[in-house]
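Could you have a look at this structure, given as structure tokens, before my questions?
Chain IDs A, B, C and D follow the sequence of writing; residue 1 opens each chain.
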Amino acid sequence: MIDKTVADVAAAVAGIADGATIMIGGFGRAGQPVELIDALIEQGAGDLTIVSNNAGNGDVGLAALLAKRRVRKIICSFPRQVDSWVFDGLYRAGEIELELVPQGNLAERIRAAGAGIGAFFSPTGVGTQLAEGKEHREIDGRRYVLEYPITADYALVSARQADRWGNLVYRETARNFGPVMASAASTTIVQVDEVVPLGALDPETVVTPGIFVDRIVAVGERAWLRKGAFVGGVDLEGDPIDPAKEAAR
Amino acid sequence: MIDKTVADVAAAVAGIADGATIMIGGFGRAGQPVELIDALIEQGAGDLTIVSNNAGNGDVGLAALLAKRRVRKIICSFPRQVDSWVFDGLYRAGEIELELVPQGNLAERIRAAGAGIGAFFSPTGVGTQLAEGKEHREIDGRRYVLEYPITADYALVSARQADRWGNLVYRETARNFGPVMASAASTTIVQVDEVVPLGALDPETVVTPGIFVDRIVAVGERAWLRKGAFVGGVDLEGDPIDPAKEAAR
Amino acid sequence: MSTITRNELAARIAADIPEGSYVNLGIGAPTLVANYLPDDQEIILHTENGLLGMGPAPEAGRVDPDLINAGKQAVTALPGAAYFHHADSFGMMRGGHLDVCVLGAFQVSQTGDLANWSTGAPGAIPAVGGAMDLAIGAKSVYVMTDLLTKKGESKLVAACSYPLTGVGCVTRVYTDHAVFDVTPDGFAVREAFGDNTVDSLAELTGLALVDASAGSVAGSVAAVVADSVASVASPEED
Amino acid sequence: MSTITRNELAARIAADIPEGSYVNLGIGAPTLVANYLPDDQEIILHTENGLLGMGPAPEAGRVDPDLINAGKQAVTALPGAAYFHHADSFGMMRGGHLDVCVLGAFQVSQTGDLANWSTGAPGAIPAVGGAMDLAIGAKSVYVMTDLLTKKGESKLVAACSYPLTGVGCVTRVYTDHAVFDVTPDGFAVREAFGDNTVDSLAELTGLALVDASAGSVAGSVAAVVADSVASVASPEED
């Protein structure tokens, strides 16, 4: 019998070595596998390269991993946010390396790794600093820049439900990088709200087939779902227009 | 109000001009938009370039279009089948041009067109006749061949259900080329078993978002579904092992 | 010269978006455009973090942290919505399937180059997000911005001095003074608000401008707008 | 020399596939392997037209034309199955996620080149399908074939004369005479069936062979197989 579930988050992140490259899903806090990141902090691996859209929010999850000085380098599209103070401090102190990648190129480079594409020509970033030094080519009248796959040793992903074969469904915009990261890493570790019986997921609606998944751990429903589909009072930080700033213009 | 549904298949294929490039979904008969192809035959456009995995089965659908001499060229992966006699005859008579593409490169080239990728390096076909004359490159120790997008003026696709915004769900392995073709054509025309009210499709389970769809026509449930989920007696041609041939070895 | 408010400008942009359009409103000020889309028309909003058919912010107490927009603000999903992953979402943009995208700007050049992601200031922490994908990711790329910086310098320029987001990608610039099309001959004044004229705009921008405004003012939202002092800045400056 | 039957060979291959493997069985003869996978183990079958968790053929009268395998034969879907589109399916293969793929062959070279899609005969209608994607699309690429053609020529060759499907892609060749690994030193006999020996196989193939069979025969399905005359051909020859 195939059973990819593991007992707890410690078992889920077992074996991650110093120096590993780890993809971490999520866009801001949506889809960020906070419980797995906490387990990784506990587990102790350091000198990590992290691939993630953002560079941590507040003092939890990825930000907490950064604060522990476990991360040597981060590959991301949008490190600077209203609540990215941990990254900001490390970056300004020269204590973390940053590879900045346009968000769509980041997603497509991860997808390319999962899909066995050696490289691809993207129109995004052409003529900008982020394409400097890269190979360019005009194809059919449009300029493109050559982008290479991003692979990883591990992916840490958050999903809504899994079965024991590792089939996954996600929830709303928390899907974001999960499916491509799951496909691109050597070992994909997924935290889910719940594990459901094999056959409970409609095969038409599976988003990530189990072939991409290695370990599953149920972490219970996320805090904001415990009292139903919606809750108030959650500290949902955005990148808002600051009314005070705006008024002062 | 956005309403992409049209009254009938004639309206669905209106305006297709001679010389058009048309993608036709389906793998063998699964997902082949037979009613739209019949309407295209009726509509009369000729000198067509067809992009499809196969080159027609039996005497219906794509095979019938070929038999009417409406197709100048076909781009496909597997023209020769047990029931591809129409294509076989035209090809042997030199009356149809063939571009043979490995199936995965065909799918990925169509996907690239839909996703704005200028070209990509694929490991499939390297060192074979089908990569001759194409640009090769070694990346990270593996050899790749450069493949370009395949675009089209129209895509004809068969799906299970649509809403009036054009969101689509498919059925089983009839999904095959539908999603990538819908994304790659200037105008995507979809036949569905039924049109459902807006909001009836779960946004988590939409496979093709409506942004890729231009026209929808309901053709009623396909013949084999009329009496329930399964029927016997359908003429399902495969590429079977021929027991007689096998015995004679 | 007179200017229109940020909200008036959002309404002006909304009036140019036809029913049935697929639209991405970037982050910050451009999201205001959503407030002025007509209730009786269906215009489908895309947010690049994985949703088509985005609805307005939820009611108080109904915030769902899994359902956010590209600015990481809580939103809702309308009937007819669809979720998808990041590679599909950015393929949708890169593949030219969006009709309109509205972005903020630091500078736009007369050849349509856009600078809106970095001031290039030493010590600044760079962050690009989806800016470069959005810049090349729609059939029409509209910029929403003040015409002038707080120091009074024109954001419409002969050539951008800030780091570029995209080359030759801008279709039209909506400012608090006027609406400009990017044409092969440079900026063309499509509509001048209040007492602005092609000549006065040429002086403010220091650029030779094409007059393309004949007849285009009548009936526009802006035609009735008088002197307003509100500024329309791009959020990326924050 | 003695040979084993096609079904015996299918059973022999099945015995080498560990539980939990993701496996693509190509079309034709390799699909027989499914019949010999142990009922008490879970091995997940992939069919490249868009399904993981493929089950056996449906009962009579329960054919569903929307649910077929790569050979366009009616199949079923097991609990735990998942459907996906062609680009995702071939990305799954090309990205190296399948553990095992079993294919037919016209020829396999001692460097692991595979020829199984075209005889190169003038006038033949070419058709490749997923053959080239499968050839490079699994961690282990197993070939299932007769050792000899009907004319008695070896299908294991120094260099393929037929058009190639893939270069250096074959891991192991299961034939009716023996099982061969592709190694840096050429073909290594992993297991010889019946009265076949490394020497007799070297004579049949005309190739220098490595002896890697020590101890590997014991307990195998083939060890008990006596003279059988059934042939194991690749379906692509039809």
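Here, contacts are C-beta pairs under 8 Å (C-beta built on N, C-alpha and C of every residue); 3 or more make two chains touch, one makes a residue touch a chain.
Since this is a predicted model, take the numbers as computed values, not measurements.
Chemist: Counting hops between chains that touch, how far apart are chain A and chain B?
Modeler: When the steps are counted carefully, the minimum from chain A to chain B is 1.
Chemist: By CA centroid distance, what chain is farthest from chain B?
Modeler: Following the centroid criterion, the farthest chain would be C.
Chemist: Could you please state the distance in Å, as a whole number, between where the Cα atoms of chain B are centred and where those of chain C are centred?
Modeler: 38
Chemist: Counting only Cα atoms for the centres, state how far chain C is from chain D in Å.
Modeler: The separation of the two C-alpha centroids amounts to 57 Å.
Chemist: Starting from the mean Cα coordinates of chain B and chain D, work out the distance between those two points in Å.
Modeler: 28
Chemist: Which chain B residues sit where two or more other chains touch them?
Modeler: 108, 111, 115-117, 122-123, 170-172, 204
Chemist: What residues in chain C touch two or more of the other chains?
Modeler: Answer for chain C, listing residues that touch two or more other chains: 51, 77, 83-84, 87, 90-91, 93-94, 137.
Chemist: With touch defined as at the top, which chains are paired up in contact here?
Modeler: Every touching chain pair, ordered by label, is A-B, A-C, A-D, B-C, B-D.
Chemist: Which bits of chain B are touching chain C when the two form their complex?
Modeler: Spelled out, the residues of chain B in touch with chain C are 1-2, 111, 113-117, 163-165, 167, 183, 198-199, 201, 203-204, 206, 209-212.
Chemist: Along chain C, where are the residues that touch chain B in the complex?
Modeler: Going by the criterion above, the answer is residues 19-20, 22, 42, 44, 46, 51-53, 77, 79-84, 87, 90-98, 137.
Chemist: Touching chain D in the complex: which residues of chain B?
Modeler: Touching chain D: residues 27-31, 53, 77-81, 87-88, 91-92, 98, 100-108, 110-111, 122-130, 143, 170-180, 207, 222, 224, 229-234, 236-242, 245-246, 249 of chain B.
Chemist: Enumerate the contact residues on chain A facing chain B in the complex.
Modeler: 108, 112, 115-123, 137, 139-140, 142, 144, 148, 169-172, 202, 204-205
Chemist: Which residues of chain D touch chain B once you look at their complex with the stated criterion?
Modeler: Where chain D meets chain B, its residues are 27-29, 47-51, 58, 60-68, 71-74, 77, 83-87, 89-91, 93-94, 113, 118, 123, 125-133, 136-137, 150, 163-167, 231, 233, 235, 238.
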